[in-house]
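The chains carry the letters A, B, C and D, assigned in the order they are written, with residues numbered from 1 in each.
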Amino acid sequence: MEYKRESVLITSQVKITSDIYRISFQSVTMAQNGKPGQFVTVYCRDGSRLLPRPFGISEIDKEKNEVSFVYKVVGGGTEEFTTYRPGEFMEVMGPLGNGFSLDGKKALLVGGGTGIPILLELAKQIKQTTGREAVTVVGFRDETYLTAELSKYSRVLVATEDGSKGTKGNVLDVINQSGLEADVVYACGPHPMLRALKNHFGPLQVELQISMEEKMACGIGACLACTCKSRETDPYTKVHNKRICKEGPVFDSNEVLL
Amino acid sequence: MINTKVNIAGVELKNPVMPASGTFGSGKEFCGLIDLNRLGAVVTKGVSNIPWEGNPTPRIAETYGGMLNAIGLQNPGIDTFIERDLVFLKQFDTKIIVNVVGKSISDYIEVVERLGDEAVDLLEINISCPNVKEGGIAFGQNPASAMEITSEIKKKAKQPIIIKLSPNVTDIREMAKAAECGGADALSLINTLIGTKIDIHTGRFALANRTGGLSGPAIKPVALNMVYQTANAVKLPIIGVGGIRNAEDALEFILAGATAVEVGTSNFVNPASMEKCIEGIERFLEKKGISDINSLIGTVC
Amino acid sequence: MINTKVNIAGVELKNPVMPASGTFGSGKEFCGLIDLNRLGAVVTKGVSNIPWEGNPTPRIAETYGGMLNAIGLQNPGIDTFIERDLVFLKQFDTKIIVNVVGKSISDYIEVVERLGDEAVDLLEINISCPNVKEGGIAFGQNPASAMEITSEIKKKAKQPIIIKLSPNVTDIREMAKAAECGGADALSLINTLIGTKIDIHTGRFALANRTGGLSGPAIKPVALNMVYQTANAVKLPIIGVGGIRNAEDALEFILAGATAVEVGTSNFVNPASMEKCIEGIERFLEKKGISDINSLIGTVC
Amino acid sequence: MEYKRESVLITSQVKITSDIYRISFQSVTMAQNGKPGQFVTVYCRDGSRLLPRPFGISEIDKEKNEVSFVYKVVGGGTEEFTTYRPGEFMEVMGPLGNGFSLDGKKALLVGGGTGIPILLELAKQIKQTTGREAVTVVGFRDETYLTAELSKYSRVLVATEDGSKGTKGNVLDVINQSGLEADVVYACGPHPMLRALKNHFGPLQVELQISMEEKMACGIGACLACTCKSRETDPYTKVHNKRICKEGPVFDSNEVLL
């Protein structure tokens, strides 16, 4: 088994927008086994919060054995994480889930909100393995983030709802306006965005890999908390409920109900 | 040498610690995280006669010091379970306890009969799941129904049966006595307390099923009291469940009258919980100079 | 202007937040810590016809996310209460709710009658204390007894009566309906869940009374579910109690069907809890553009 | 009302034995209103621990508005407090309880275990107000602490159970051996010690003020968790159960059942 639960050393914690932070930590297991699209779960120090918080891996440095994720403060757990300092330890399990499958085809990356960070490692590995830069379309409400980092590995197009940066509108508006095409689309973001992408690329017969979210308890496939309705029967219970933490979080968009 | 072996209805466990049903699957996912051979037993997720789909998501919600679940007993059914999960579990040097669920008495019996010739040590009959419409808790909140299902299953079961009780009753002792009268070989308690959570921003329930079962350290005092009450009302061996996180918690249940314990929600908080529990119990016995854990059972005063 | 006024059985509270009985004395000790005039009401510690000594110590024990208490209703009796506590409370611009306890129906009635001509707004009849041998929960776990005591008290009470229900029952709706049939004007729920704790180092119970009542955030999901169930079973206004820490918790209860809420254990954790709750509710209504809190009651879906 | 609940600034945290720490913090209310024998309650950060932890005030610096207490690590709460650092804040309520009554009489101070620290401020104030040094007898299992500080304000006699320092035995052995006499005895420590002192000084008609402990929930007299059996009826409920947090923690030894 490739995942472990570890007490990991925090190497950096950076506030990157008003409510989004990036935290990096050291883990041989997670750095060496981790893939873009996989996630880690983080355990709170405060005993009143029991369940692990899942976060997609945003960057992997195999040489330094360092893994990063980017999180938005939305509740007690993420609030707590902002107090962690480099040099301290935190409890993490990973790498978990399946991750994106990279096959060298012409790729388009699409992200919205907190779905954006995981595209970073993906863009990096696509560039490293294929030598080509993918196109990345990212949508924000107003405040943008990570676009500079993404630009190191891909051509970045931005949409903001209020039009303060890039195209006014959403990622679909950018895709339509720029007439973006691809052989495979990787997407992570809110359900409405994923649904719109499915409606757009489905008829075009373009492969669409989407990353899904659901509340989790175990994070490793044992509790059946995090299922989604799937077209095929799931390998575990032979019904049509795939586990997002195990068979996912990345699914072919044709495979799951959105 | 310190003895941590305990005996549940004739089955000897190497130590009193095992997972609570539904929090450990059939053990496979925990394999790289802990050593299954260390466990007194493995208790499987509830198994029904045919595959069950369970409830819509969201199926869980975190609460203060606990969690709600309304998985709804999704499971592959007895066929896949026997072919895959049981084959997997037999590799380990630990006892196998299968948690059995059904919508009707005959559903339960079908599962129990299918397991009759399998290498299963004990059957845990779940008459206390609050998250399914039929079956489950319907049998677990009424002494007459509990007695009936127990005696019907007992007639067909080749393995000793543990009846798993619901805490959502006025007097747990009545339910325990009903199971005892019905022929139960042991009892396990508690299953989850019924609870709910609301998202005030959307005005909707946090769970698709509206209500769920509350588990975790939050409920430990309730579970411990029910084990204590039950231990003083029936002669059956008791498996204590509810909020156990560590050896101290486990020992509380043993002092209250439990012969063994199940660790549930804490497996999510720290997969090493059960192993720590086992080590902690050993250390406690050593430090206190207690040579046999059985001498502690029910000794609280 | 936002309206936070709510109405319980004809009594208008300026807001829906008040202390839970037994966690606030009669308010005196909290006086320098919070402004009593801010509260929708003050609910007093349980008062009996004569002084009660309560249970031996230790009377409390901390648990994970909660606490156990077995105070045993120590109180000065109705005479001192009227002379001192009621006189004190009348200084404040808040409603007064007296929690009434007794060993027998006639005990309860004696207290209720003594309060008949006093400046008391509502009576909360505690038939759910798990920590006394006679009275208390004995009335609260059986629908017939609950109906009887309610109707006997209702005959003599000059103020509207709130029946405070115990969660230690199989079906809270039956208890609620019994109280409704008996003539209750309102319900409050929940009182504490029965629980216990053991000190493994001494092998003794943590409480002198062995068992106690579990309260605090740990029990909130159970309380919330019972309020939801009850709101859909009876027509009476409901006061929600159990683990409320802040405005978000309070609003959950209101969405579930409570007209008002009581804050108990959280007063020990932070004496400012109730004030924060009130402010938080106001802020929530403002932010959401809701002009009347009453429009939220029971709207969860 | 003189007590407040405040978020106080921690000014120092010192480890003074293998498992005993002193923490100091700033509070105008507690420094100005606090008296020897009174206590404060400290609230944990970890949400799984709800109830305040009571600690006797060990020192008060009215000029610096600084208050200290000394605590032994015995469980989760005190374990947590060891992680607090100067510059951080903690939640404290106080000053609570009645405190010792100082009346200028010839005083003997007796302490055992974690009952010792509160004698420090008491010894200091006795010296400051009467100009005379009291005698302080302190008993330990093995590791001694605070004896140097106590010596600044009083003549200190030590007993250790293992005889490693001072008299081998307990505080009563010291009192007997040294034939110590006094007009008033102030004592804080385990019940057996308090009982022995009562048996010794009771027949001699010497005033004995003892500080008691009990599990607390509110700390301010509202919940009736912390009662002890008293000879007189208590002012609150008119039974015979005085509240240790309110009528106490200091009682005349004749007043309470030990």
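Observations on the model:
By definition in this document, a contact is a pair of C-beta atoms (placed from the backbone, for glycine too) under 8 Å apart; a residue touches a chain by one contact, two chains touch by 3 or more.
Per UniProt, the chains are A, D = Dihydroorotate dehydrogenase B (NAD(+)), electron transfer subunit; B, C = Dihydroorotate dehydrogenase.
Keep in mind the model is a prediction, meaning the values are calculated, not measured.
Taken together, subunit A and subunit D share the touching chains B, C.
Between B-D and C-D, more C-beta contact pairs join the chains of C-D.
Our note on geometry: subunit B (Dihydroorotate dehydrogenase) versus subunit C (Dihydroorotate dehydrogenase), Cα centroid distance of 34 Å, whole angstroms. With centres set at the average Cα position, the gap from subunit A to subunit C (Dihydroorotate dehydrogenase) is 46 Å. Inter-chain spacing, taken between the CA centroids of subunit C (Dihydroorotate dehydrogenase) and subunit D, is 35 Å. In subunit D, the residues that reach two or more other chains under the touch definition are 47-49.
For subunit C (Dihydroorotate dehydrogenase), residues that reach two or more other chains under the stated contact definition are 64-66, 217. Judged by the touch criterion defined above, the protein chains are all mutually in contact, each touching every other. Subunit C (Dihydroorotate dehydrogenase) contributes residues 22-25, 28-33, 45, 51-54, 57-62, 64-67, 69, 71, 74-77, 80, 216-217, 265, 267-272 to its touches with subunit D in the complex.
Listed in rising order, the residues of subunit A touching subunit C (Dihydroorotate dehydrogenase) in the complex are 47-48. Taken in their complex, subunit A has these residues touching subunit B (Dihydroorotate dehydrogenase): 1-5, 43, 47-52, 91, 93, 214-228, 236-241, 246. Those residues of subunit B (Dihydroorotate dehydrogenase) that touch subunit D in the complex are listed here as 64-65, 217. Those residues of subunit B (Dihydroorotate dehydrogenase) lying in contact with subunit C (Dihydroorotate dehydrogenase) across their complex are 63-66, 68, 141, 168-171, 193-198, 200, 203-205, 211-212, 214, 217-222, 224-225, 228, 243, 245, 248, 251-252, 255-256, 284, 299-301.
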